[in-house]
Structures are given as C-alpha cells and as structure tokens.
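This is the structure I have questions about; it appears just below.
Each chain gets a letter, A, B, C, D and E, in the order it is written, and its residues are counted from 1.
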Amino acid sequence: MRQFARPSILVALAICILLPLVLPNNFMLDIAIRAALTAIAVVGLNLLMGFAGQVSIGHAAFVAIGSYGTGIITARLNWPPLVALAVAAAGAALVAYLVAKPILRLKGHMLTMATLGFGVIVNIALVNEVAWTGGPDGMSVVPLSIGTFELTSIMHWYVLAAALLVLSMVLSLNLYESPAGRAMRGLNSSEVAARAMGVDVATAKSRAFVASAIFATVSGSFSAHYLGFISPSISGFTHSVELATMVVVGGMASTFGAVLGAILLTVLPQLLGGLHGYESVFFGLILMLTMIFLPKGLVPSIALLVSRRRRS
Amino acid sequence: MSDLSQFVFSGLTTGSIYALAALGFTLIYNASGVINFAQGDFLMLGGMITSASLAMGLPMPVAIVAALAITTLIGVLLYQLAIRPAGETSVVSLIIITIGASTFIQGAVQILLGKNQFTLPSFSGDASLQLLGAYVLPQSLWVIGVGTVLVVACALFFHFTLLGKALLAVAANRLAAQAVGINSGRILRLSFGLSALIGAVAGIVAAPITTTTYDLGLMLGLKGFVAATLGGLNSGVGAVLGGLLVGLLEALVAGYISSAYKDAVPFVLIIFVLLVLPNGLLGAKSTERV
Amino acid sequence: MLTLNRVSKSFGGVTAVHDMSFAVRKGAVHAVIGPNGAGKTTLFNLISGVYTPSSGEILLDDERITGLRSDELATRGVSRTFQNLQICMNMTACENVMLGAHLRSTRSMVAGMLGTTRKADILLREEALQLMDKVGVGAVAKAQASQLSYGLLKRLEIARALASKPRLLLLDEPAAGLNDTETAEVTTLIRDIAASGITVLLVEHDMKMVMTISDHIVVLDYGKKLAEGTAAQVSQNPKVIEAYLGIEA
Amino acid sequence: AESPIKIGSVISATGPASFLGDPEQKTLELYVEKINAAGGVLGRKLELVIYDDASDANKANAFARRLILQDQVDALVGASTTGSTMAMIPQIESAKIPFISLAAASVIVEPVKKWVFKMPHSDRMAAQKVLEDMKKRGFKSFALLSDTGGFGKSGRTETLKTAAAMGMTVADDQQYGEKDTDVTPQLTKIKTSGAQAILVFGTGQAPAIIARNYQQLAMKQPLYTTHGQASLEFVRIAGAAAEGIRMPSPALLIASDLPDSDKQKAVSIAYAKAYQDRFKMDVSTFGGYAHDGLMMMVDAIKRAGTTDKEKVRAALEATNGFVGVSGIYKMSPTDHMGLDVSAFRMVEVKGGVFKEVR
Amino acid sequence: MTAAATATETSALAVRDLVAGYGGIEVLHGVSISLESGQIVALVGANGAGKTTLLRTISGLIPARSGSVELFGKNISALRSDRRVCAGLAQVLEGRQVFGPLSVEDNLRLGGYSQPGSSVEQLEAMYRLFPILKEKRLLPAGTLSGGQQQMLAIARALMSRPKVLLLDEPSMGLAPLLVREIFAVIADLRATGIPILLVEQNAHAALSIADHGYVLETGRIALSDAAGALLQDERVKTAYLGL
C-alpha cells in the first residue's frame, strides 16, 4: 500500500491541477470546490468510521461548529478569519474530546444513536439561539481574507480547496499505514485483540473522534467563507447521514473512496437537478444500485474487480 | 394535576406511535442486524395508500387491506430486489441501501400520490373522551390498543416459535443457520415483509392523529430508531418501552420545561440512559467470549 | 514471576474460577489443563485483564495487577492468543502481526499522519515477516486475514503475540486445528520461545504436547485446582486420570 | 428567432417546505407556458430554469450559482423559504441579477438589498393584522404558539415586538416543531394561561394538527393562524376543527366574494380558475405569490424594454400599482416588498370556506 | 486409486470433479471423493489445503463452480443448502459456530429445524450424550466454554437425524476424555449405517477409526487408500502424523 500511496497522491495532485483546464465553466469549478471542501470532512469522518469502525450520524454537528464558529467569531468579534478558524477547530476538538469519552464507550448502533442525539442537540441549539446564529434563517459570513488579501476569485478558491484536500488525503493515507492507524483499524475488527496488543482502545477511539472533528471543522469553516452564508441545515440529521453515506459509498477505510464518495454525492444532485420531481427517485435508485453492485464501496470494490481481472 | 394527566396521555399516544415504528426496526434488526432506514416509510405508505384508496372511492376496510397488502409487498421487494442482491456484505452497506430505498420510496410516492397532506377519518369519531381529567381522542386508544396487541404478538413469536428463533439464528450466524437447514433468504424476506406490515398497520391507525404526507416517514423513522435503540434493538418489549419513554419525555418536557428545546432534552436524557445501560433498556448483554 | 492469590470469578450463578492460587516461575513453560468448562480460558482472561476477578489478587513480579486492563498489562509484558480467534479480519495477515508490535512503535497519531513513522514501519514489517516465517504463515503474509484457513489464523495469532516481545506469553490451545506434524512444529516453537527467556503459560488439550514441553502443570476441575506438579506427577494422579485423561492415558 | 429570456428559479419542491414549493413550481410552469402561448415577452419566449432545493438552504446556494454561472439567467423568481433566499442573496448580489423571492420574512428586504425583492406579506404585517383584530374584539392578552422553523421563529420575534408596541400581553409563549404530530402539551399550558386568544404562527402541516388538538382539548379561546394557513387544504385536513379560525390572507382566497369594484377580483379569479383547471386542486396563496412574482418580473422587463439587468432592476423598483392576487404592489428604493397591511384581509373559516371578516 | 475412490450408483455421497473457491480465488481444483453407507471416510490435509472448503461446498454453503454432488444417487448440486439439509445432509461446522445469543436449548432445537416434530426425544438423547448441555440449557450458547460449544455444535448437527454426516474437526478443543467419547459416538453412528465424512487434524485417531482415507493437498486429492494403508504410508506419516 505504501508503495501505492505515494504515486497515487501524485495522480490525485495531477488531477487537481488538470481539472480547471478541462472544466468548461466556472460553475463546474464551483462544484469542484464544493466537492473538495466536503471531501475534507468525509476524509476526516473516514478516520472515525472507516478506520476505527465507529459509525457516527451526528458528524455534521462538527461541520456546523466549524461554520458557525467562524461565522460568529468573524462577525461578532471581528477577528481575522484564519484566527477564527483556528479557534473554531480548537473549540470543536475540545467538544469532541469531552463528548468522546462517555459516548465512545457505547458500541454499534447504540453509539450511532448517541451521535445522532449529539447532532440533533447541536442542531436545535443553532436553531433556537437566534441572537447568535440567526436561527433557522441562518447568517451570512464574510469572505475569506488572509491578511489584507481577500479571496474572491473562484480560481483562488479552487487552488485553496484542492490544496487542503490533497493535504488531508496525505495525512489520512499516512495514518493508514502507521502504528496509530493500525491500532484504529485493529480495534475496529476486534477490540479485545487490540487491547491485548497494548492498544488503549478508549484513547485511540477518542483520538479518531477528535481528529475527524477537526477535519470537519476545517471543512465547515472554509465552506462558510466560500458560500458566504450558513444555515442550521448543515448540522441537520440529513447532512450527517449524507456524510456517512459518502464514506460508505466510497468504501470504508479507503481515503480515495472517501473523496470519491464526496464527489459522487455532491455532483449527483446537480446532475439530477433538472429532473423535476424525479430527483429523489433517481438519487435513491443510484444509491441502491451502487451499493448492490459495489457492496464494499466504490474504491475497494473496483480494486477487487481489477485485481480479479488481472489474475484471470 | 389534570395538566399532568393530559401530558401523560399525550405522551402515551405519541409514544405508542413511536413504539409501533420501533417494533418494525427490531424485526429486521433481529434477523439481519440491519437498521432499516425505510421503516418510517412503511408507516407513511400505510397511511398514504389507505387515503389514496379512499379517494378512489374504495370503502375503508378494502382500502386498509389494500394498503397492508401493498406495503407488505414493498417490504418484501425491498429485500428481494435490493438487500438480497447485495449479497454477504457489511451491515453499514446494507443500511445505506435502506437509506437509498427510503429516498426512492418517498420520491415515488411524491410523484404518484402528490405532496399534499392527507388524513384518515378516525375509526371511532372525533369526540374526545374525558379520562382522569384529560381529553383523550378515541383514536389514541386505538393506537395504544393496536400497539399492545402487536407487541404481545411479537414477543410470543420470538419466544415460542421455532420460526422466531430461526430469525434470531440468521442474524446471529448466517452460515450456521444455513448449515442447520434454515433458508436464510426466506427468513429475511419474512422479516422485511412482517416489519412492513407492522409499519403499515401503525401508519394506518396513527394517520387520523398524525395526518400523513409523503415525507412523514423521515420523522417517524427517526423517532422509531431512537425508541428501538433505547429499548435495546433486539427486544420488541424494549422497543415499546423506548417508544413510550420518548413520547412521554417529549410531552412532559414540552409541558413543564421548554417547548423550544423539547426535542433536545429527551436526547440528552436518552444518552444518559445509554451511558448507564449501554445495551439499552432491555437489550441483551453481548455474549461473545474470547 | 506470576502469582495468583485466591482468585475467583463468577458469572451470575456460575463460579468459573474458584479460589485459585498458583505461581508461575520465570522462563518456564507452565501448562493449565482440565476438562471442558473447567475454567482455563476464564483464568487466562483474568490474568490478561479481559475480566476482573470477583475476588483475590494477581501479582506480576510482585506488582499487584488485579483489575488492570489488557492494554495496561500488555505494557507490562503480558501477551496472549485466544481460544476464540481474535484476528483483525479487516487487515492483512502481516498487518495483524505488526499490530502486535504496537507498543514498540511510535503510537502518536500526529506522527502517523505526518508520516514520520514510515522508516520504523519498514523495519517492523521485516520483523513481522520473519516472525511469520517462524510460525509457518510467511507464505500468506500479504493475504487478507479474512481469507485464511482456521489453522493458519491460529498460528498467525501466535506470531502476533510474539511480535510484542512479551515477558509472559499466554497461549490458549495453540495446537487446536493443527495436525500432528504441525503440532510438533509448534511444540518446537514454544520450546524456543521459552529458551529465549519468555515465560509461557499454556492451555492445551493435546496431551502429547503438554507432557513434552511443560515444566509444571496445573490441573483444574470445576474452577478449582485439582492437582499440580510435573508432567510425570500429574499424569499418574488418579484424580486427574479420572476427571480428565481417562483410563488409557 | 431571438434567444429566449431565461428566468431562473430555486424552489422547495420537496422536503418540509414542499407545501410552498409545489404550488409555486406549478404556477411558474403554468404561467410561463401561458405567456409563451400568448407570444412571449418583448417578442421573445420565456424559458424557465427551475431547480428543487429540497428545502435545504445549502442546496439553494449551490443552485443559485448554477443559475448564475451555468444557465446565465436574466432574472430570478423564487426561493420558497427565507433560509433558501438568504443563502442565495450573497451570490445574487455579487452577480447583479434581479431577484424576486417568494419567502416571507422581513429580513429579506430589511435592510434593502439592491437586487432583492420579495412578494409575500411580511410576518410583521401578519402579526399586526391579527393583533389589531384581537384588539377590536376586546382581547388584551393572547398566547403565542410558533414553530421552530424559519417562518415561526421570525414570526415569533415580530409578534412579540408588535405586541409590545400595541400594548398587548403575551400570556404564554410556546413553540413546537414543524414536524410535530401532537401539540396538546403546549395547548394544555395555554388553556390555563389566562390568554384570551391564541395565535399560531407557523407553516406546513402542523397547524392543521394544532387545530385538531385544540378541538380535542375543548378549548374556548379564539384561535388565529397566519397567511401560512391560507389554503383550502388546511381547512380540509383540520376538518370541523377549522371552523371559526381566523387568519390574515390575501384577497385570492375570497376572490368570488369580492365586490366587483375590487381591482384584485378579476386577476384573482383568473388565476384561481387557471390553476384549478390545470391541476385539479385548490389554489393556495403560496402559488399566488409565484404568480405575482413572475408577472411582476415580466411587467418590469416589458417596461424596461430589455433584459438588461440594471434596467429591469430599476423598473422593478419603480413598480407602482401592480395588481397581483396577493395585493397591489408599490415598490420604492426603500421598500422592496411594496405591500402594506391593507393588502391583508382578515378571513374566517365558516362552513368549510373562507369568509372575509368585515 | 482403489475401488472406494470411484463412486458407484449406490454411494451415499459422491463428489465428482468439484471446483470451488472464494471470489477470485479457486481453492478446489476438481476433487472427487465418495462415501459408502456405513463407512467412515477420513479426509486429512495441511492447514489451508481446502478441507473446510470441500465440506462447505458439499453442503451447499459455498457454490460449486463445476462438478457435481450426489446424495444416494440423486444429484443435489443445484439445491440450496437448506434443501440439502432436508435431504439428510448435516454438517458440523469448523470453529463451532453456535448461535451465541440464543440459549443452548434453542440452538439444539434449531438443529432440528429441517425435521420439525420429532425433536423432543432427540433433544433428550443429546442431553444424555452431553449432560453438561442439559445443565446449561437455558444459558446463551455464547457463554459456554470452547469445548462445551464444540459439544453443542456436534449435538446440533445430530438433532436433524442426518442420513449423511459431515464433520469438520469435531474433536477440536475437546478434552482427551471427550475426544475418545466423540470417536465412540462416530463409530456408533456408523454402526447404525450413517456414513460419515470426517475431517480431522487428529489424523492418527481419524484414520484409525476410518474405513477409507483421502489426503487433500492444495485443493487436489493427493492420496486415496484404505485408512489402514494410509496410516502406514511414509508420506502421510511425516506430513500429518508427526512421526
């Protein structure tokens, strides 16, 4: 895998560089940016779900903490965006750390349920604390500026989003092949075994949780600046499920899968956008067909098919 | 005092609806370990198909039977066309399939039956009864009654029939189940069919109270999942307790604490319950040994 | 090196281990035998921290380790294999063994993300491959663990346990699923392990293996100690013959 | 032939706000068709590019970019909810495209945003209309029951402000979720709160359920709702429980009862008939906003004589006396809604239909 | 090859040129064996040779890619596993595979799933065979010790009163006393005419009790002979008997 990881990152990088050249218009670029920003959160969630095997359907809460953290800090305190981002990420990490300890003791669907609850609570707080968050109607967010340089051009955004995505992929790929990553993957399959080999399971899980929360906040913060507007729906149950779906559709524990899942599920609604009423039918159908024919998710299933083809 | 009994009755009614939604979850979970995200949509289908049949001029009993039959068929088809072809795969993949199915079903209903809100006539009229100082709709009693009957039936099924045991066996160890001669496909089809049926029944008795729209399943499914998990997921009685608890919490919190945070407070409490009872109210402890 | 002092464990009504006391000498091979359900595995689970004793205490080199978690015990040099295989099926065979070396590697997540563990990892892999060769699963190192047959997995667990370089190694039925020739190989392996200074505690129903490598044998029955002694002593003990070995032994 | 004029729209055709989006979408499609059949605008056909945001503001944001960057629309009509509208505004403002929103909250046009207009009556006007009616009936205190969605939240804020300004007491201030199926606990509290009347501020399906809960609890305080319930569907679902409920509504619902002198009568009847003929369902005021939005945009384009965005915007801002089914609009640089409280009629459900309270 | 290797019309179980595997991997490359009524046939082979795969393919848990399986002269290749159990083919799975959350008694009753009705006496018979199971009958099977689970697995397979029995390492994890008991049970079953295909790592014991033996090497039958002859075979001795 390691031998595989390095060139594959180069390929990813090359794709990122070539993409703007082949995309016909700014709208496509816009989609690419959205997909990339989302993918960062999904790559992070994959650390928790794919690596450590702890399914969360409340993860959008962290994306929202990132978005609202930045939004509120820049708007109400007038701090510079990057400082706001750092504070939001630190805040999310702290929240994640505090939540992780009790919640991650739960197993399987019980954990899923607890993360769902966490997400719902954050969502309700965002909806109800109108004075801070603007309530259900959301709030607008200032454009991203670094020093005095204001990022408004879509191309700048593309470069930023792509760079962040590649960085997060490198981190995730490295982790996969490291002792810490192995520990996470090991406890995913057998906590007893991992423990017997000296893995402090509770700590490993909460680290994965905190790390994935940080990825999510970074994604949320930048998205907020990019979109210029945030609303509580980003913390909603549906969005959480969407993120988890991206991980699974791409392929659990596969970093490239996470990215592909994010791209697919970001682009798909756009492709279906003009179908007037038939969007959900097709979306549901495509989701089902993907999982039926590629049950392990896009990347692992395709890798398996390719290796089989090669062998026979 | 009459406030309290009003809250309790209100909680019991919504709780019973949640419980019925939860019951279906446990059936599919018990046979496959899968959380069926389309469970809420079975309830929606029950209500929607009945009201659509009524609109077509069918008499109520016929409409109900039609709704039950069609929903059950959809449950079976969900297994046959989507779950089964996926083969031996991880539980999360199957859960994603049910999410896809849910989206699909809602989309199809929205196209075929529209996005309007529908309702069904109450079975025994709309005049509310006075019980212990509370105003109670006769339909609430229907919901509570049907819920009781179904949960008892489920409990009997799992405790006293070999078929019920076979359902559990398939979830516990698919390979071994096949090796002792259980047709796991048939069992799973049965569990999907039954839970769709229960969902439809629930949807029909609840519709006069909740009214129904094509996306009602989202909310009911979510609450049903919460209730089922709280109950321990593998126990029908647990699911019912979970449902009632969620319903009561919501009503009491709305009544006594804060109606703005009434959806959040139960979640906080539920998470605390799970921290004390990590397997839910009636969930079995893991028996895995090393 | 390991001392059990009146250790008991009960599950609801069943007392699986009752007032168990014995001591394990450093560098020796100790075996625990007894009929099915005698409490051997439970005993292992107590020593390795999977269960907490209901009463009594366990000492490792005079340190009280009662109630410590498995991972805390692992840091003190206790490693084990499992009767009910605990292989990480989502990883390759080699990765499973590398997981065994977890405590000897840089465990920081940040280091892992930054890739600073790569160099050490390559060495770890080499080491793992050598270990796998030693237990006879080197040929399937790259295979996904989920694709291995039972006997191979059994041996993979031994390699993984060894990868942690333990001081005390607990083996729960290492020969189950192996044929006589393979068992003989594992017997030699265990001897080598003991010779390298690792204390081995062994549960096994293959009497040939137990009798040839054990320095000391504890016999359990119904959670209690039935007998204790060298292979020769134990195999002559009528109580042991009646409860466990049968007349012909 | 010349290229068509592109009208872009993002509608909540599905999701919780579909009760708004669905009639809006139907109306837009119907009227674009009608206009084209009648020869189009400025000799060009209209082309409607419409996307469903599934009631998710983030999706609305994405579709707004698509309309701007890819479809390159000339004007925008629609966005069913305030959230979606607000999510679209930053992009529309920077792309400089005239935009008429179909969502209600005052924040959309307060402060005035250069390119953004809106059709529906504000929640504040609804609150004013209702409280005035309460006052007229001699009530001094009322209970507020609002939903936790965008409409309810902002309605709650406006109602509380208006009540303070009008010297009314808010005896109880309860909330409920848009998807709730039972609101008896809140109503039970309200019942004994000493409130003389109740105002339900919310949209969607819950108010019909509230009406039934109200009936179940045998409550006596008069019940008010808002223009969020101004549709026959509400009456149909609430059944007998709807009887006696009052709400502020545009003229559309009582069109046939209007005196012939009323300017809105003809246009309202025409719209209601066209809609009912085509879709075989009751017309709603939400569709009415879409009708007015589209017609006003077309009107502005005609008056501007071009699709030049700045000129259309200026024409929109100069709209004066445009007669829609929802009211008679008069825009200005300081008012991008163009309606006042007089556009609302207080109606009451009587015998299953809406009757104006005079 | 001796006579027993070639299946006849009257063979209880005849496997011909069976090819099977997992995903992209072929494990069995054309295996033929046969089992006559009243016979015990032992199958030995190294770890990973494909013994388990062969048994699972015979019982239909893994699809065969080609080749056929005949039970009492009837081709059952196309049947699902549950139909094969109904037809009288029972299997003790490798690694116990009990239904962990279900009680011991439920496990046993499910063993008789394919033969509803007659299970009560059979249940008692199993409890007589393994008294510990009766003691634990209301406990979840997952809490049993390894050996107790193995007993349960064997008893569960016997519950269906099989006509042909496939045993995958039945003695694994059993105490010496019980191993002997199990082998006695196997011999008893043969005496009642039930043919048994026995996979055992305890090759010596297996071949000692068996009538015929096969040696499986990487998915192919390498040797087939009378069990007694195999016990004396030098290759078998060094590779499997540890001599």
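Quick notes on this structure:
In this text, contacts are C-beta pairs under 8 Å (C-beta built on N, C-alpha and C of every residue); 3 or more make two chains touch, one makes a residue touch a chain.
Note that this is a predicted model, so its numbers are computed, not measured.
Between subunit D and subunit E, the least number of touching-chain steps is 2.
Chains touching both subunit C and subunit D: A, B. Steps from subunit C to subunit E, taking the shortest chain of touch contacts, total 1. When the C-beta contacts at A-B and at A-E are tallied, the pair with the greater total is A-B. Chain centres here are C-alpha means, and the one lying farthest from subunit A is E.
Put simply, the C-alpha centre of subunit B and that of subunit E have 42 angstrom between them.
Taking each chain's centre as the mean of its C-alpha atoms, subunit A lies 41 Å from subunit C. Once the centre of each chain is set as its mean CA position, subunit A and subunit D turn out to be 36 Å apart.
Here the CA centre of subunit B is 46 Å from the CA centre of subunit C.
Multi-chain contact residues of subunit C, defined as those touching 2 or more other chains: 41, 50, 82-84, 86. Within subunit B, residues 106-107, 110, 260, 263, 286, 288-290 each touch two or more of the remaining chains.
Shared interface positions of subunit A, i.e. residues touching 2 or more other chains, are given as 124, 128, 192, 277, 279-280. Contact annotation for chain pairs lists A-B, A-C, A-D, A-E, B-C, B-D, B-E, C-E, with touch applied as defined.
Of all residues in subunit B, only 162, 165-166, 168-169, 172-173, 175-184, 234, 284, 286-289 touch subunit E in the complex they form. Within the complex formed with subunit B, the residues of subunit C that make contact are 41, 45, 50, 82-84, 86.
The residues of subunit D lying in touch with subunit A in their complex are 13-14, 25, 49-52, 54, 56-59, 61-63, 65-66, 69-70, 82-83, 86-87, 89-91, 105, 107, 148-150, 153-154, 157. Every residue of subunit D that touches subunit B in the complex is listed here, in rising order: 13-16, 18-19, 22, 148, 174-177, 179, 181-182, 184-186, 188-189, 192, 205, 208-209, 212, 215-218, 233, 237, 239-241, 281. By the touch rule above, subunit C contacts subunit A in their complex via residues 48-50, 69-71, 74-75, 79-80, 82, 86-91, 95-96, 98-103, 105-109, 111-115, 117-118, 121, 124, 160-161, 164.
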